[in-house]
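Got a structure here, written out as structure tokens. Questions coming.
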């Protein structure tokens, strides 16, 4: 559908924001990775234990950043009306938005995650798995986050409300992803965690757009 | 037969005698349950702290049940556009949150004599905590949207997403718990229940359910009155 | 292709406030309609209800095509333009980028976008960022999709407000051409439209 293609390219351009989109997310992530040793003390053995887990947590929080703009801006300037009146269904619109967000925010974060983990003391051998789980998990974060963003359209409470709605949805991918990494580090079965994470992200991709479209229609009424 | 479920007037007529009836039933069942509980011999392992179980476990079971009720009411309100169902969902949320909170507090109180710490991250308590976050998110969304009809529908969508997500969360927390098998003391949420404790246990569950039913009916009545008052106020202002 | 719109006994409310009831209207191809009424009478809500955003309390909105009744969702997605108070333009993007997107989104082509740009005299403005345009210029960019993407029913909510006298006349010509070609226009206005139109009052 040419409509979907046009929208997707536009969403990529908008969320890339002349480089500001990924830069913002990665900077926030770096800031969180810096604050962690400031909070816990720089002792390497203590840091190394929490490194993979905290890297994952910071990933979830950084994904929340650009959610506020995902639907709210279109709602405010009237573009959401136009997007509802195209030949492409609203579910596909939501899908395009979240996918674009994942590519411009989730993917750069997936590259930054192993670096942060190493800086926090995790073993470099984990890097590949950390990057991969961050990529797959980021997909889940984008689509679940999109649900929260769509539900809070028009509420003016913005980011904090989205975070409160969405954090219970983030719990399973955080558990699966961090669990896979820690299992790998301990030499145990890590594939289960990875599979569960992928399953969750795919479910979010498949089901999320329906909830988002329903929430958008609700906001427009 | 189920007209009282969607017709506000029939509902008000039903809940007028239904709410007090359930309330009285709750008190009677609760009293019976607690009496049987204290009449039973103290558990050889836990001593008198076993009594907290009769408060804690029904509370956590009911907190899940209330979330299911919330989901069903949300579904009916969303799909069939029933304002009464929307009011029921809205009314159930604080009750569910309160029950979850009670479960967490009593779980913590039970844990102290058993495990020596005020809080422990075992599967059930962690799941309860996430459930509390669900309720809080629901209530936050409700409060954040000014237009009532839109708020009700947005919350209904959130509730349905939550109903789908809740089993996933419980599963993931269980899985997480098996990964981090620190102490087998935490496994399976506590020791098995002796048969002598079963009757008071079931009575307490029924008491909680009845209490919830009563309070829910009262709250829905309050919602119905509030909406009627709103309509009258709007009419008077024209 | 919508050939007629029929509204029967429509009742609308905003929140708890009822707007109007028992509203009926039939519009056929080639007919312009001007909705009149006081502020808050429900003109915008009526337009949005026709576009499918607001669910009416009572009554029906039906679209008819050449072969009989049309599926409302399809009619709205393919054959309807809604131009509201807001333009839907992103301030950081260039006028041409936004115009092109809106045209493509509603079914137009690059060529028709270029033609619309010409017709609305946007050549000098196309490379500028939307935030640098005046309200009237932004309105002209938003109008481009009406010209470039052929859709039968135009729902316009006070379309002329930011435009100056010359552009109001120009837009009148555009509307006349659309109506002459079998299109339908329903416009909510406070001042008379620049083309002859049937006036319909909204609200009690």
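Note that the chains take the letters A, B and C in the order they are written out, and that residue 1 is the start of every chain.
What we mean here is this: contacts are C-beta pairs under 8 Å (C-beta built on N, C-alpha and C of every residue); 3 or more make two chains touch, one makes a residue touch a chain.
Keep in mind that what you see is a predicted model, and the values were worked out from it rather than measured.
Colleague: Assign the assembly's chain-to-chain touch graph to one of these shapes: line, ring, star, complete, other.
Modeller: Chain contacts: complete, every pair touches.
Colleague: Relative to chain C, which chain's C-alpha centre is the most remote?
Modeller: B
Colleague: Of the chains shown, whose Cα centre falls closest to the middle of all protein Cα atoms?
Modeller: Answer by centroid distance: A.
Colleague: Looking at chain pairs A-C and B-C, which one is connected by more C-beta pairs in contact?
Modeller: When B-C is set beside A-C, the one with more contacts is A-C.
Colleague: Between chain A and chain B, what is the gap in Å from one C-alpha centre to the other?
Modeller: Spacing between the chain centres: roughly 31 Å.
Colleague: Could you work out how far the Cα centre of chain A sits from that of chain C, in whole Å?
Modeller: So the centre of chain A lies 37 Å away from the centre of chain C.
Colleague: Where the centres are mean C-alpha positions, what is the separation of chain B from chain C, in Å?
Modeller: 49
Colleague: Which parts of chain C, given as residue numbers and ranges, touch two or more other chains?
Modeller: Chain C, residues with two or more chain partners: not present.
Colleague: If a residue has to touch 2 or more other chains to count, which residues of chain B qualify?
Modeller: 149
Colleague: Can you list every residue of chain A that touches 2 or more other chains, as numbers and ranges?
Modeller: Correct list: 221.
Colleague: Under the stated contact criterion, what part of chain C meets chain B in this complex?
Modeller: For this pair, the touching residues of chain C are 15-17.
Colleague: Spell out the residues on chain A that touch chain B in their complex, using ranges where they run on.
Modeller: Within the complex, chain A contacts chain B at residues 147, 151-152, 154-157, 161, 164-169, 171-172, 175-176, 179, 182-183, 196, 200, 207, 211, 214-215, 218-219, 221.
Colleague: Provide the residue numbers of chain B that touch chain C in the complex, in ascending order.
Modeller: 147-149, 230-231, 234
Colleague: Considering the complex alone, what residue numbers of chain B touch chain A?
Modeller: Listed in rising order, the residues of chain B that touch chain A are 130, 133-134, 136-137, 140-141, 144-145, 149-150, 153-154, 157-158, 160-162, 164-165, 168-169, 171-173, 175-176, 179.
Colleague: Show which residues of chain A lie in contact with chain C when the two form their complex.
Modeller: These residues of chain A touch chain C: 2-3, 6-7, 10, 13-14, 17-18, 73-74, 76-79, 81-89, 217, 220-221.
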